[in-house]
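In what comes next, chain A is part of two complexes: it sits with chain B in the first one and with chain C in the second one.
After this line comes the complex of A and B, so read on.
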């Protein structure tokens, strides 16, 4: 195998993940999670649910996130999920999942398509009410909501009331980061 | 306007894209007798009711499912929201 000596960069374009703190809010880039989309093939939903048990996760209901070991998953659409795994052990996540799901599901590598910003701090509803339509006051830990932030499609994974992962297109990572930081400055 | 998504609950209409009359689901068989006329009617002819209307909406900034929304075009009142998949399957399409 040739040695290309390529240097990997984070979605925000640096060697190491960025983290900024604005008042009580911390916005941290997270790069240690690999992702793949899992779409059940026609009539194979039960097989997909069984296979997911083997990678340590119970596939969540609509609009929810389920944590597991080694894999976690969140719902993205009818009969479709995004499976998450630690990057260190699952860098080639499709190769790792394919033997488990076999021909019951279609898998696509998603790791490099997304940026994940972990927003933590007290009073997150005050921040997100400036950014999107989601009513955080009525949502609970474990919700996975797809919505729009500054015209960008984004998933909000509500890990805890004071910690939310925002997942959006890697190509507009800097715009999303700017939107979150600017809203945090205006809110606090 | 709020659309009460059958899986996700009430969501803002901003997240959705409108396609048109839900009869678009009922695409005629292109190989049957009189297919040219049937396809012409399917593609070009629409009712334009002042009142209850069944229409297709796409949850683009959400779970990307197609919905059949029954909406009153005079009041914008939404009386029913179904997954287009379920509507099509009930008609024996898209098994």
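After this line comes the complex of A and C, so read on.
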């Protein structure tokens, strides 16, 4: 942990991550995951895949998320992934990953570019059908789906049928949270 | 209170009674009633006034095709005009008012229009109100609009919420009558994902309105059993009260689900309606058919209804429009009405079958039917006393959705109606009555077959469907469109179009169906021609001597029935119209009392008022002077940041920027100008080289996304061989500008490294740490013209950072400043911004021509050298000051030479940005002036004809402040 005097705030502006429950749905801010984008340099995809193994993850196919230890990853574009790691040990995630990927990949810190809202509850399709054009009935755990929610670009990481991480731009976290909570109130 | 026209039977719950009012008068009804069925049961036939002539009208139908019985539903903010009483589900406490009448429904003063009808024939407004021309907008149009109208709006904000959503299925089945249910059972039992939608609150379609049995039980019971089975299937979604409003591209259907319209108010948090977008791999249109009227003189009196509606009111709702009913028909179907009514104890006054040479030639009864005049085969007329007349002119398949992709219906002589033709929306087929299969048996059979075919198309196997026993009467119809006569025979009651109007259109040459529609308004408004379109066509066909098929048909557009604007808007209204982006210092700025301004979706602090400041300019001038005197701090996170890496990143930047970047040393920043392919300036900003192969580009706030998209296009499509990777980091870093003579002294208290001018000179950049070890980025760049830095920390620390900076700045009197002060300082410095980067200006226009490097190729290079764009004497950026410092300048003023008239021939350019400079003590402006760089020192005028200002000005250098740039290098 860097030794500095600055206190952090969550994307929703709280000191600590907050969780709200609307009917059967719980929406919780998750701030303990650091993220970096890993984009393969030209012709280096094999090296990138090998390096990923060293941080405990097999880079997933398009539209998928792969869990690993200490790092996980989801696909974000051709030869491009978002690598996740515990914030406590990987706050300076680029510094941590650089020795592993070397010059095979371009690494960019993305931790604070995003808000992650963990949405859990039974019958999540009933909630998400009010929010985005994703056919959850046809999706399965491990899917990482790019979509739009109330005009905002978002990734849905399907962790389990009853737990989905919604990852979207940090600056509009409050608007996203409002959309999710309003839909939860309306759908159940 | 009794319900005089309530008769036995029906699918209403008589154990419960609802109270409701119509025009303030109380009535009783039952669950399962519609407003129309309950009013009829209460003996009320008069429910509205017609659009143009204010004629008394009652319902003619029992469904969504109703053109007459339009009411205002509810009161206050929930008041909804033009609601069809025939589809309003009755609830306890419902309140409805008649509309388009004054002072009352029974006595409407504007019924005078009916007496003046010779003046209001089709197209009257093209002829009657031609003079004097000035009267049209101010006098005629307002009067006509007030007189000819529908319901009124409450003018209050809609208190309800509306949702939008997305559904996916293998097969969408539109309509839950016999065909739809057979299709749904076939597809559902086969395991396919099915959505079954019906606009009615009770599924079953005509099965609920007929006495025929299905599978050995009452049709309504068979329907209820089928719906229950479907509702129990996890792969089937049964959606009652849901109208499929249109067929759109690629198997997408729009649907409105009326979640709460049958309740007095929606439950807390629940939407009133949901607009669904349904993605269907296949769709089956089982929307049934609509019966049509036969036109005869005065065929619009309350009590004259479609035979199928009269039958539906009796069989489904236990209501009749009268105790003595006559039937007028041209086909066997009309006879069913007589049978069913007789069985319910209603007296049948006469059956007038046009196939036997009899016809109805007139009617009497001012506010409700009293009698009809019947002419027999011999030509002799007789009067038949009756309170209602059930008319059957045949059935029109509800093929509307099949024409949403310009699919043209085709004529079918056997049923004398249009049926769906080829060329409709891909993947959509019609079944049952919508396809012209008019018997119950045929509907069941064709519904099941359509589902089996859809599944086969999708590579799925359909389970066998045992057809239940059902009636299969052949259609026996001899078309009868209208009865010849002198009076007015109504073709389209919605718009008061008569047989005469159609004949007039023909006489005046408006014979094409599209002309007929527009000349007479036939087929327009809420019922979209469901009631009258074909009748109008038939009359026109008769006039032209062609068949109806030759005459043609208009095609239908979405929506199938009217849709509330609120449903289309969904949640995107008021403050939720779009998402809001907040800066990392937003919470802090709000605590300081900042005024915010919308910049795209961002909210940025515009200025920070102090107690006692009553005008925004006081705050802004204080912020500017304090920054120039000591130090100011501004959140600049909103500027786009794009992380660009890769071996070829430098070469890539050379191609997307007009100036050279590959030569920039590590640890340095350069201002860059980006051109569009057409040579105009696209955006500007600074790009920093943090490492050999790592760059950070900044863009203007407005262009953050367009520039990123442009770069991705270049990377992926233009030069896929370059080794370049990029991602937006706009949101990842909280970035603050610290500007002013004391900026360095302030930052030295925060930054962990040496940032003296020697180690960190102007245009330096570095990865640093702050506050004892937090990773950060520092850039020595200046927009204000002061000694200035931009410092970035991970966004979660942005709130702490602004507090830390302000604390460190206390001893220097540091001020936060907003976008207004930013604007003042950049104009003082002569920097271009949005007003100058207007998409039609070149680097040369901006005085930045030298930045376009001739040593390399870049996007926009070639076209920026076009003759007209490099011509001498073109627009150039200049500075402007008023000759009299007391005179304010106004933005948008045009440059006019002294002594020349202020007309476009003498327009020499315009003022792009105007501010009051507290530093200089007068207004200053930037502007684009013809041959501007050669005209410094010239005196001319800034004329604004809209604001009526005309100020003598002097052209000066655009660099008002510290033109040598000594301050920012200090």
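We adopt the following convention: the second predicted complex is superposed on the first by the 183 of 188 C-alpha atoms of A that agree within 3 Å, B and C clash if a C-alpha of one lies under 4 Å from a C-alpha of the other, contacts with A are read in each partner's own complex, and residues count from 1 in each chain.
Going forward, contacts are C-beta pairs under 8 Å (C-beta built on N, C-alpha and C of every residue); 3 or more make two chains touch, one makes a residue touch a chain.
As the structure is a prediction and not an experimental result, all values here were calculated from the model.
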Please name the chain, chain B or chain C, that touches the greater number of residues in chain A. C
Touching A:160 in the superposition: chain B (first), chain C (second), both, neither? neither
On the A-aligned overlay, A:133 touches which partner chain: chain B = first, chain C = second, or both, or neither? both
Mind working out whether A:54 is in touch with chain B, chain C, both or neither, as first, second, both or neither? neither
Tell me which partner A:14 touches in the superposition: chain B (first), chain C (second), both or neither. neither
For A:106, is the partner it touches chain B (first), chain C (second), both, or none of the two (neither)? second
Partner chain(s) touched by A:172 [first = chain B, second = chain C, both, neither]: second
One more residue to check, A:146. First (chain B), second (chain C), both or neither? first
So which bits of chain A does chain B touch that chain C touches too? 133
Would you pull the chain A residues touching chain B in the complex into a rising list? 62-63, 75-78, 133, 146-148, 153
In their shared complex, chain C is touched by residues of chain A numbered 2-11, 13, 31, 37, 39-42, 80, 92, 103, 105-106, 108-114, 129-135, 137-138, 150-152, 169-176, 178-179, 182-183, 185-187
Chain A touches which residues of chain B in the complex? 7-9, 11-12, 14-15, 61-65, 83, 85
Parts of chain C lying in touch with chain A, wherever the complex brings them together: 161, 163-168, 193, 269-271, 274, 277, 279, 571-572, 576, 578-583, 586-587, 601-602, 637, 643, 645-647, 693-694, 721-723, 725, 727-733, 769-775, 793-801, 804
